Amino acid sequence: MTNYMLLAPELILTLVALTTMMVGLFIGKNKTILGYFASIGLVAALSLTVSSLNANETLFYGTLTIDALSQFFKIVFISVSLLVTIASIKYTENDQNADSFFTLLLFSTIGMMVVASANDLVTLFVGFELASLSTYALAGFDKKDPKSIEAAMKYFIIGSLSSALMLFGISFVYGMTGTTSIPGIAENAGALVGSPVGLIAVVMLIAGFGFKMALVPFHMWAPDTYQGAPTVVSALLAAGSKKMGFVAAFRVFVVALAVLSPTWQTAFAILAVITMTLGNVVAISQTSVKRMLAYSSVAQAGYIAMAFAVMTPMAFAGGILYTLSHAFMKTGAFLVVAVVGYMVLSDNKNAKDIDHIDNFKGLSKRMPFTAFAMMVFVFALSGIPPTAGYISKFVLFSSTIEAGLVWLAVIAILNSAISLYYYARVVKYMYFLPAIGGKVSEPAPYAIALILALAGVLVIGIWPEPFVYWAMEAAKVLI
Amino acid sequence: MIPLTYYLILSSIVFTIGLYGIMSQRNGVRLLMSVELMLNSANINLVAFSSYNDDMSGQVFTLFSIALAAAEAVIGFAILLSIFRMRNMINIDDINILRW
Amino acid sequence: MLSKAINGVVALLFFAVVVLAVVGTTWTTVDELPQNAADQSNIEAIGVQIFTQFVIPFEVLSLVLLGALIGAVYIAKSEVEK
Amino acid sequence: MNIVSLIILVPLIGAVLTLLTKTKEQARVIALVSSLAPLVGALYMIMQFDSLTPSMQFVESYNWVPSLGIYYTVGVDGIAMPLVLLAAIVVPLTIIYSWGEDKQPNQFFGLIVALQAGVMGVFTSLDFFLFYIFWELTLIPMYFLISIWGGPRKDYAAIKFFIYTHVASLVMLLGIFAIYFAVWAQTGTPSFNIPYLLEQFQLLESSLLRDSIFLALLFGFIVKMPAVPFHTWLPDAHVEAPTAGSVLLAAVLLKMGGYGLFRVMLPLLPFTGSPNLMITILGFIGVLSILYGAMLALAQTDLKKMVAYSSISHMGYVTLGAAALVPLSVSGAMFQQFSHGLITCLLFMSCGAIQHIAGTRIIADLGGIGSKMPKLTVLMLFGFMASLGLPGLSGFVAEFMILTFAYLTLPTYVLLALLGIVVTAGYHLWAMQRAVFGSLNEKLGNLHDITNYETLSMAILALLVLYFGLNPAPILGMMTTNAEQIVSLMAIAGV
Amino acid sequence: MAVDDLAFLIPLLPALAFVITFFFGKKMYSGGALIPIGAIALSCIISVLITINLLNNPEEVVHQSFHWFAILNLGILIDPLAAVMLCMVTFVSLLIHIYAVGYMSHDPAKPRYFAETALFTAAMLGVVLSDNILQLFICWELVGLCSFLLIGFWFHKPSAAAAAKKAFLTTRVGDVMFLTGIIILFSSISQIYSGNLPEGVYVLQFSEIFKLIPELSAMHTTILGTEVNQLTIIALLFFGGAVGKSGQFPLHVWLPDAMEGPTTVSALIHAATMVTAGVYLVARTFPMFIAAPDALIVVAYVGGFTALFASTMGIVMNDIKRVLAFSTISQLGYMMLGLGMGAVVGMEAVGVSMFHLINHAFFKALLFLCAGSVIHSVGTQDMRQMGGVGKVMPVTFITMVIASLALAGFGIPGTQIGTSGFFSKDAIIETTYLFAEHTGNYIPYLFGIIAALLTSIYIFRLLFMTFTGKPRTDYGGHESPGTMTGPLSILAVFALVFGALTQTKFYHFLEGTFENNFVHVNIEHLAELGHYHLAHGHHGEPLLILWMPIIVGVAGLLISFFIYYLRVIDMSTIVSRRNPVYQILYNRYYQYQIFIEVIALEITYGLSLVGEFIDRKIIDGIIDAISDGTIAIGESIRKVQTGVVQSYATAVIAGVGLLIILLKLIVEVQL
């Protein structure tokens, strides 16, 4: 019998989204209330998800599955959305279209959650599209800003291309196995082994998911989009929708196409190495912090992709844990950029290049808390203890050693060291260079979002046991 | 009976045309059309497989994908419209503020 | 022109790969396609499937459409002030 | 919560409190108090310490990430206790020395205290996970100390220090992973417990694996020490770091490398595939560092850089003593760590004072400052004498033990190292002659002697150097038991 | 016995005096001079009392020991050898301290001076009193430190700073050899015990070392293809230390420069402390030397050569202190030569050599203090600017004459009439003759006798140039105060009569050094191990040989008299830039240039610069290249991102195509 309670988070969010849209039509200028409302809805969804952590059921003719993996990722998505929503209360402060913003934000969250739960390629694809379409619009939300529109355009075109590739790949999988159900594919996947079509399907699916994950060479939209989109949306894209790619890949490759693992393991190993190296190396020479974070995000995707290359329970746990940590670190980092953008604009309304690293000069004096938070985030991103970034790298990198892939571990570790260079530069700008301008206090929504992200990073870093355990539970679904 | 491979080759051709279009076209609308071509080639596949496997879900999937393609086009056109409004043209390879 | 050539090469490469793969695969298919369209209504079957098996994607699809609508309207509409 | 956790936690909290203070006075007082607390703790521990057992004392253990075999386990033994004491002594003295710091004093003192917490953690952790966390944590305060309060090329030096040592730690981390999983696969239980892993190491079948683990860990430690040819980060870091940073870097952070040598490398060494090769490598690195460091110190024109190279040279003794694997040479090497910590502190404080008062550290630009700065001259001379191994001071005890007892197993290396002693005396005296003695360089302007705070901290150090030179037994007593136990492993391994 | 228990106070009192004077001397009378004077006086009294006890009961030496750390101890040993040294050191040092009250009266840094000299004395006493080789080394190094501090006392003078460095560094070369010797000794002992050192035994104590001499001499090491006795290596390394400390060739270069300190310091270094430490070390470890084949012969040759070599340079120096410095080197050479003669006379060599050491301490201290008195009064050290000083400073003149006679060794052979130098130096020359007779090797004897002639020439040259004739510049001197002339007179008495009074007793007393309740070794037996054939019953030299030293002494006096007093020879032909012999001597055989510049500066510093280059350009260059390279690669890859979305699409599609091909290849290879 279907336990609808397990779907409650999605239902609540849908309800909140629709309500937000409706109410938005009727209330006048001040739509701030909608942000609070959305936040409350997300909190409720989060708590409902947390309450059913240990569920393990398939719903609706096997199109949805609620298991540890899905719950884990749902929590990641809801957390990111929550942080972004809270921060957006400030971002959309005087915006007539805040209702659209929050509705789209919630829709994209629902899309990601559906993907997390998807147990059927149709569900997965539709969820994927829901998340994509909503975020296309969100990326262009600053529509008076040519950069924002350009970002949306690039995101959209590469996104559609990827969708098409993915669908093409799915069609082959369907053709060979005769079903779209993930367990069903797993049963019949034997037919794909050794067949060239199987190979093509795998690569096309990798391209489709790799687009979301921003794996090289499917990453090229990401720096442009992250840089051009409104910063809160970049946070959502980098921290949230990127993870959707991973959860989809977990479902499709590890569960459905497990028999093809030699193929996709090799593919992910190659891509992981290229991705992390390119991401880190290019990030060094960036002057826009957002763009730098974008490349760093590319690099981080490379690390997580290692989990597929290693394919041990420990690696999956590491990869899964990494997505959680990365959600907090990256959201936090982007939100800091948003706060700095706010600060720069409050100095000078017509400021250009608000995400330029020069604006971070002396941030420790202008906004001590933000600077501190940013420092924690970048150190976490570079994997310095005792942060979430460290513990996840610890588990993930260690799993490569466990599996005997020392070369992969060495490359990852060297990359990690390279990354320190540009992360440390941010810290240098914030702490060592003289400030231009006086002290500015952070707007409350930003501050709250930063505190939450900071708490996430530090709690996972200092008390990792429950999270590691949880990630391992989630990884068990895959093996 | 027409072999399944024929359908697949057809869809491959359509897909490749779409690919080529998305790589080479400057006009935004043409780009969108190319994307549609690619989605539809996948739909050909799905329907073909559905028939040859005697399994309905492929056709259902096709319906879904058609609807999604429509939704995608909507967003796409909206973005292009916005670009047009801003620049009075939709040659998207001129839009490269964001790079490097 | 060079870029076009590159595009062409890439596309042909892709095409070759896919076609070779498709041709090189032995497809397991049903022996006979249903010959008489009147025999069974695939419309009905599809309808049943949509509302049973694929009810969740269907519902999500409604959100997709709504989302696309909202997004498109927002992006495409010209601001009143301007 | 017992004493070991307290000596980590108190400075950590102290660091946060210090960072939050508003005025210089508050900052330095809170910093001093919270850095003195570990000293009290360390002295208490030494009183309770049982020198006769090589096992861990004051152990406490809590679950942390049991699913991965990670526990919060801390404790000390004869290897760690003296270093804990060293860190507890040096940090408050550094704070006293820097009493007049005006530039962002709350951050300055806060970082120093945070550094203390980090090194305390490194020296007491009995869990590789925890160990690594503290190991990395020490990097950040030092990076800041160099970057904010550093000299003209601070950017280069800070980032070089940060990335170089970080790469080394990461390689070490790989080694930790390898031993962890290898043992896990062997025994079926995950554990990061250091003594346990070290014990299980010998059961690993593949000698290639054992050698790789050994070398990976070794790399992490010798870069930190630092040993030639992985030393080039150190002179740059020292030259650019503020005095307090240099002091802590040389006196405490370098000791982490040596500590790793004793805690991790030596117990593993007998069980590697080719122990004799490993001993040769270590011995060679040691001697090379001694000679190369001394030679380069001779070539330096900057006083502080000279001291930095002398650190490299002196840390070479640690490697050499450890490589010899004779109980008393190993205890000598441990004692060298302790003693060098105190001496180098004194040297860097002297250089800092000169820089601060005369405005330059270039030896050629100084000259004759002795007549204007008698207190500094006496203390500096004392430090130089201790550094060149004058008997009666702690440096001699250590070097004598290392050379004498290492000669039993590594005679050739020791004879080479003995050459270094002359060069060591040479560069110290030559620098002294040019910088401090001779006629006063008139360009230096008005010189004054060091402040009372500086004098106090340097004088305390000088007394300690003298005390431990005359009476090394209490410290050596703690070390010897452990050194014997380490060396006895060689016999167990049948090497 | 009560006074024996106070032995530990002997070094401790001056050390305490150091602390007190250093920190509180400023507020005391005369810079706190009374504290060290009192302390050293007490030490002196204790030393004398203990020596008297020991004279009565030579078998019962004073030995105290307590645990230090590991397998090391700290201990005090007063045997006859140590006792005579103790008395000499404390006594001479006391006189020099008293003298310094006057001499240093105008120096503002008096507290530092007295503190450092007190420490110097304490360190030297530590050397003398050590019961184990390590403690001896420790105090040995402290002596070096104090010499550094005192030579560089006027550190604001660049020449003083350089001299201090040179002194410390040169002796340090010797010290490292000494340390190497200790290390090899220890490892040999450890080998003898096969690694299991006995519990509760301090193996570096002299008694333990001497016990193991037979085993040590049975060990051999192969160096460059030749098999060398282990004990010889150790003994020669110890001797290397002694060479550094006692200014033997070729490590003597620091001693002439050590004149940069105050004259009292020179007196302390040259007479009572420091330089005698080397001789003392050889004497202290004499059982090892005599059991080591060839070791004593090396000692004899180095000593003899140094005696001759230094005296040649003494002839041409114009700086009064420098003449005395070369004289010291030369006399130390005699002492070493005497010790080397242990090859034929066994234990008696220690007696002869130590006797000369004690006598030399008296007359050399006297010479220096006299010179100091002259300098104090005249204000220059250049003898060419003096002349006729004897008239204004009668006391100084008389004491100086006595000291010179003692140095030249005037006396009447076969009687008990003679200066102290006569008894001791002639005894050494006699033993060298004995050696020559015994082995047919006359070289040591020739070294000794020619050096004696030169000694006489340079010391009387000094006397005539300084004290006789007419003043050559307007210096306006005066006699020194009582605190200075007092010690001079006391020392003069000792220089005159000490030798005559103690000669026979002294030898006999020292015979017991290695045969008592602490150490008991049979020197005769050890000599067999060292393949030395001792001569017995030797007192039958020809009369000419007995008279030879005094004949050359008088000859030297006459030569100087003719040249420097009567001026019968025109000096300008000899003292000329064109005279190559004079040039070589005056430039001290160009040793400074050869030794310091070539070895120390050119080679070592050059090497260190090469190292610096390697460090900066190669090691650091690689690291920087890696980092710069990474950044450059990033910079170039960055340009791939053109901003044109179609190119992104191309990348995606090309990526897919390539990935498919790549995987196909890889998978096929794997299969």
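We call the chains A, B, C, D and E, going by the order they appear; numbering starts again at 1 in every chain.
In this text, contacts are C-beta pairs under 8 Å (C-beta built on N, C-alpha and C of every residue); 3 or more make two chains touch, one makes a residue touch a chain.
Note that the coordinates shown come from a computational prediction; the quantities given were computed from them, not determined experimentally.
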item: Partner chains that chain B and chain D have in common; value: A, E
item: Most central chain, judged by mean C-alpha position against the global CA mean; value: D
item: B-C or C-E, whichever has more C-beta pairs in contact; value: B-C
item: Averaged-CA centre spacing for the pair chain E and chain A, given as whole angstrom; value: 77
item: Approximate Å spacing (C-alpha centroids) for the pair chain A, chain B; value: 26
item: Rounded Å distance, chain B centre to chain E centre (Cα mean); value: 97
item: CA centroid of chain C to CA centroid of chain D, Å; value: 65
item: Sequence positions of chain B contacting 2 or more other chains; value: 8, 15, 19, 22-24, 31, 52-53, 57, 60, 64, 68, 71-72, 75, 78-79, 82, 92, 95-99
item: Touching two or more other chains - residues of chain E; value: 627, 638, 641, 643, 645-647, 649-650, 653-654, 656, 660
item: Sites on chain A at which at least two other chains make contact; value: 122, 125-126, 129, 133, 136-137, 140, 143, 152-154, 157, 161, 165, 175, 196, 199-200, 223-224, 421
item: Pairs of chains satisfying the touch condition; value: A-B, A-C, A-D, A-E, B-C, B-E, C-E, D-E
item: Residues on chain C engaged by chain A in the complex (per definition of touch); value: 17-18, 20-22, 24-28, 52-57, 60-61, 63-64, 66-68, 70-75, 79
item: Residue ranges of chain E touching chain B (in the complex, touch as defined); value: 638-639, 641-646, 649-650, 653
item: Residues of chain D touching chain A in the complex; value: 63-68, 70, 129, 132-133, 136-137, 139-140, 143-144, 147-148, 154-155, 158-159, 162-163, 166-167, 170-171, 173-174, 177-178, 180-181, 184, 212
item: In the complex, chain C residues that touch chain B; value: 3-4, 7-8, 10-12, 14-15, 18-19, 22-23, 27, 29-30, 32-34, 42, 45-46, 49-50, 53-54, 57-58, 61, 64-65, 67-69, 71-76, 78
item: Residue numbers on chain E that touch chain D, as the complex places them; value: 67-71, 134, 137-142, 145, 148, 152, 155-158, 160-162, 164-165, 168-169, 172-173, 176, 179-180, 182-184, 186-187, 190, 195, 600, 604-605, 607-609, 611-612, 615, 619-620, 623, 627
